[in-house]
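Per-chain numbering from 1; labels A, B, C, D and E assigned in written order.
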Amino acid sequence: IPAVRSQGTPTVKIDGSSTVYPITEAVAEEFQKAKQGAMRVTVGISGTGGGFKKFCAGQTDISNASRPIKDSEVQACKSAGINYIELPVAYDAITVVVHPSNPLTSISTAELKKMWEPAAQGKIMKWNQINSSWPDKALKLYGPGADSGTFDYFTEEINGKSQASRTDYTPSEDDNVLVQGVSRDQGALGYFGYAYYENNKGKLKSLAINGVKPSLDTVNNGSYKPLSRPIFIYVSTNALKRPEVKAFVEYYLQNSAQLSKEVGYVPLPSNMQQQAISRLQSQN
Amino acid sequence: MTQKQLQLSKKSKQLTPKQIRNSREKVIEFILFLAAFSSVATTIAILYILIDESVLFFQEVSIVEFLTGTQWTPLFADAQYGILPLLSGTLVTSTVAMFVAIPLGTIAAIYLSEFAHPKLREIVKPWLEVLAAIPTVVYGYFALLVVTPILQSIFPMLPGFNMLSAGLVMGLMIIPFVSSISEDAMRSVPVGLREGSYAMGATRLQTALKVVFPSAISGISAAYILAVSRAVGETMIVTVAAGLQPQLTWNPFDQAATITAYIVQVSLGDIPHGTLEYHTIFAAGLTLVLMTLVLNIIGHFLAKRYREIY
Amino acid sequence: MTDSNLQEIRTELNRRKKVDQLFAIVGFLVILFSILILVGLTLQMAISGIYRITPDFFLSFPSRKPEEAGILSAWVGTTLVMFVTAIISVPLGVASGIYLEEYSRKNWIADLIEINVTNLAGVPSIVYGLLALGLFVYILNLGESILAAGLTLALLILPIVIVTTREALRAIPNSLREAAYALGASKWQMIWDHILPYSFGSILTGVIIGLSRAIGETAPVITIGALTFIAFLPDSPFKGEFPFISLAWLQAPFTVMPIQMFNWVSRPEAEFIANAAAAGTVLILMTLTMNTIAVYLRYWFRRGIKW
Amino acid sequence: MKELITLKPKAEARDLNFYYGSFHAVKNVNLTVPERQVTALIGPSGCGKTTLLRCFNRMHDLYPGNRYEGQIFLDSDNILSREIDPIEVRMRVSMVFQKPNPFPKSIYENVAYGLRVRGEKKRSLIDEKVEQALKEAALWDEVKDRLKDMALNLSGGQQQRLCIARALVANPEMILFDEPTSALDPIATASIEELMSQLKQHVTILIVTHSMQQAARFSDYTAFMYLGEMLEFGTTSKVFSSPSHSQTEDYLRGRIG
Amino acid sequence: MKELITLKPKAEARDLNFYYGSFHAVKNVNLTVPERQVTALIGPSGCGKTTLLRCFNRMHDLYPGNRYEGQIFLDSDNILSREIDPIEVRMRVSMVFQKPNPFPKSIYENVAYGLRVRGEKKRSLIDEKVEQALKEAALWDEVKDRLKDMALNLSGGQQQRLCIARALVANPEMILFDEPTSALDPIATASIEELMSQLKQHVTILIVTHSMQQAARFSDYTAFMYLGEMLEFGTTSKVFSSPSHSQTEDYLRGRIG
């Protein structure tokens, strides 16, 4: 793989979170247009955890992450001699969605827990097992896979322990697949990053959590709790020495406000953005 | 005679060319042999890679758990490594496919071999081959975006991913596979048998069902078995349309992951080398290869038999 | 035979003939139905994607904006991967075919190779993907490159090339071999001067059919990691300074047509689905064109020959 | 040909022509097959004997491009006419082929086949008829203990007798034999010839043979074909002793063929 | 056999035996082929004529399981000995087959091939030799204006003459013909026979024929084979007029074969 870099057009390799993917994809697209093919960028989706595994193995230059790096991952990076900087790029609201035909409009965190906790495995199979006023319909769950930052965050906040979840649901690192699943299954419920809901509003119905609907406003004013969170990119400082990576990250930070809004996330407040830019500059 | 000898010795330059020629022939044959052996090398490489990585897998997971566990959640914190859910997905989609492909393929084969006018046969066969030439990802598109919505209008509770639709489309894809091998087998039944039946006053259908079909049975079963093997190994249709949740279910109206879909799903986010999830796909792959290998060997054995009989 | 007897025969016969005709209709319908379903599905797809098939579609990179997205990197990638596949599978497959048909004697090695080739043809394509992942990507360290994909697909279609080569060679009458030998040709001269030129057409047909299969293969390329956002072209195979040919493209990251389609199929937005339909239509046209060429070539080469 | 008139004709070809596509294989043939007699068709290889024989049960209808002209009467029905279904003809006129071609089924099922295709389901009736046919074909004693065995395990001569039993089972009015012994050894041949001499007591026999000895040995009438034409027809003794055409004579003396 | 001694022998088989695997096809044959004469091999079908002929250019080496015993001398070289490469033998002894088998290439390339396998590159030399060979094969006038045409477009007789030209082009010492006219019509046959009578002025000819007339018409010597053995050999007139074996006589009178 290093061979790929050593020859031909300079390439920036990015992988990781599906939540961050839409922003990074947008930045990559615009960046390559601006550079007119002189630099190239590849962006993959393996979930935050999957991304860090590769990042700390030196296989990628930048890792998308929808949660901060974990201790175990810090260790892995350290032992491989990978140093990095963490740059927040936007705010996200993990959105709980159901099929549009579903009469529900709101759900509480307790109900979510009842639905998703490990103890529910193989037991909670119908909607009315959670709340007797809900329909007597099969419950079909869709959610991010185990490498996902969203999964970690959601399980932590809802089930009380990161990674603690029932496993009998349809898992996918690609949130598009989850959107497809929920939008075409009457008994479905799923959760993923806000951008994916925003782009598919017509096919999905988002649920208010404890009475608060996810939206740019509720995230901004902090009322969408507990499922709103910052999302990041991690940049390898070694890679940052390469001009194409540096150029890309600079371009990223300059444009993330506008592009994150475009794809459906909440831009960082300008002071945080400045902080990120100066953190990047202090690297040089 | 001496003159001749002289001529011969003048030609004795030939001796050297002769040696050159012979060694060149040897070298060429050896190179060709190496090329032919490359296919054996491929098999060895496949088996080596699969077994080597699976050994690492089985160092952490017991074979008993692998073969009898009813949950497959290798990526989760509470990891379970029972292959049965993936197997059930594979078997259900393949069974649905066979329900389509075997009857339709067999009827098509009987029709083409015993009923159709040769001209019609010439026209139809390339069309059937086209069915088999279409990329499977396109079939996946059909299953997910055309057939599933149609099925959902009949069964409103059918989830967007389901094994039924994937199996049906896969069956459609496999029809030409069944029909062409079966037709081959039926057409290699000697004319004498066919005439023997007609001479008894049998109709075409009676001849086809009572004489030709039983006589070609080993070839036809080879077609069926190879078709099953094909369905078991089919990947894109089930990945796109059957769902990604490994669950032990025999209901085609459910969604479920197959062995192949699991491999694709995991490798989509190209998995980090050397991790346990990296090993799982090789263990799953090994299971798949063993299944198809057994089927293929039985299939070839049967096919060979029908070629030997006639 | 008495008249009543004859009468009995006739009524009985009428019943049987009705069943017979019924089956003839059913059989015809089954075939028609299979083909029509396929044609219907294809048309449905083509219609929903046709408005996307514009010159821009072929000249644009994939994009987050569906209406701007195109298949430039995909078809270029497919072309380059197919090039590598052909370069590897054709010599290897044809050479194996020649060995098996013209050289191998009846011994266990020959049997082993034969059985092996038939079995390889039945190995699911995803397994080739695992081979590629384990061998090419990691052991040989080729990375997620055009070279790795080309090699993988080459191995995948090798059995097809071998089998069609053998059939082509078998179709050449032995009398031509004997004629060449009788003039003092060595074995290789016989093969090179005669057998190969005469079977060229049929071998080419087989190669094209093999490649058309490879073009549509998705699974084995996914495992080596081709499903990423690729909005650029591989390096150019030509360069300004000596030696003017560059092999950097072999190591470039890439995407191919079926992967691009798969990517779009898994997107929920209707506009992306239209792109998937458009890409699928182009893909079908590619494989159909190749198959048609193959059928035509087969016909054309056979026409001139009456051994 | 006077003797014929005293015998009832079972089948009669009148001005029969047959074409394989554009190839004119049977030319203007007139032939009377007397009832309950053995009529032999002889002639050099390729003269059209098989082709003519297969007109009598309309086997040619199985392949596209074949064409008949003229008439063949079976009793009073013109079996070449459009109204008559070839399958009906084949139920009335059965056939035994050159190479024994038993179906890959049991001995019993081979013989029963002729009844089953007719829709016969009654087990006892089938049992009875199978036994009777096997007896008529002189095979019963050899196979009665292994009716469930595969027919393909029989010897060549037994297989051919099985095919004869199969042809007999549904009481055909006439049986066509196309060189039925050419694939058999002399002993098997002898038993089949013997069998045929007995069969003619119930059924009309038309047989193609390339062995003049065979024709001479047991046929009552002989027809000689040459290049698609019927050159000579008469009682076997007459044809063999004083043929009226020089080609017949040449053939019988071994000069052509 | 006295006449032979006066003629120079070109090739000589001594105690030759040949086996197809375990089947003994040529038995203890001794045969002298006189130089610049036409020697015909006759005998009933399956007696081993073709097999014997193909020993003379070691065609049997192409297939596994074949075995020679004994010797064949070409001039003074035993061409069956291990030291001699069969390819070398075939360059000295060329062959014309029963069915014309031109390569699907141009007329010119068909003839030139005999030179090309020998590595000849000089265009002018090849041109010259091709023309000469075509003239010797009496084909030049018919094809000189279309040397680039496909050989398969020629008529059967022309194709066979082309094969003869192909066999002649590299000045072989001997040519083997295996029933070269059996696939041709009488007119083409006549022209090939005429051609062979001329060829013998330059080259030794050994020919298998199943037509006795042909052997009688233009061969100088005739060898009669029977069941793999060589029964009779002598000048053609002698063999035909007063054969010393009864089988030869029977064969010549048409009683066997």
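As a convention for this text, contacts are C-beta pairs under 8 Å (C-beta built on N, C-alpha and C of every residue); 3 or more make two chains touch, one makes a residue touch a chain.
Note that the structure is a prediction, hence the values are computed from the model and not measured.
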So if I look at the partners of subunit D and the partners of subunit E, which chains show up in both lists?
B, C
With chain centres defined as mean CA positions, report which chain is farthest from subunit B.
E
What whole-number Å value describes the gap between the mean CA coordinates of subunit A and subunit D?
84
Please report how many Å separate the Cα centroid of subunit B from that of subunit C, as a whole number.
15
Centre-to-centre distance between subunit E and subunit B (centres being mean Cα positions), rounded to whole Å:
52
Two or more other chains in contact with one residue: find those residues in subunit C.
16-17, 144, 186, 225, 227, 266
Contacts with two or more other chains occur in subunit D at residues 87-88, 91, 117-118
Scan subunit A for residues touching two or more other chains and write them down.
15, 44-45, 174, 177, 180, 183
Can you give me every chain pair that touches, using the contact definition above?
A-B, A-C, B-C, B-D, B-E, C-D, C-E
For the complex, which residues does subunit C have touching subunit A?
61, 63-64, 141, 143-145, 225, 227-235, 246, 248-249, 251-253, 266-269
Contacting residues of subunit E [partner subunit C, same complex]
57, 59, 62, 64, 87-88, 90-91, 94-95, 97, 99, 101-105, 113-114, 116-118, 150, 152, 163, 166-167, 170
Please output the residues of subunit B touching subunit C within their complex, sorted ascending.
21, 24-25, 28-29, 31-33, 35-40, 42-43, 45-46, 49-50, 52-53, 104, 107-108, 110-112, 115-116, 124, 126-131, 133-138, 140-142, 144-146, 172, 175-176, 203-206, 226, 229-230, 232-236, 239-240, 260, 263-264, 267-268, 270, 273, 281-282, 285, 288-289, 292-293, 295-297, 299-300
Hey, which residues of subunit A end up touching subunit C in the complex?
1, 3-4, 7-9, 11, 15, 22, 25-26, 28-29, 32, 37, 40-45, 174, 176-177, 179-180, 183, 199-200, 203, 263
Okay, in this complex, where on subunit D does subunit C touch?
75, 85, 87-88, 91-92, 117-119, 173
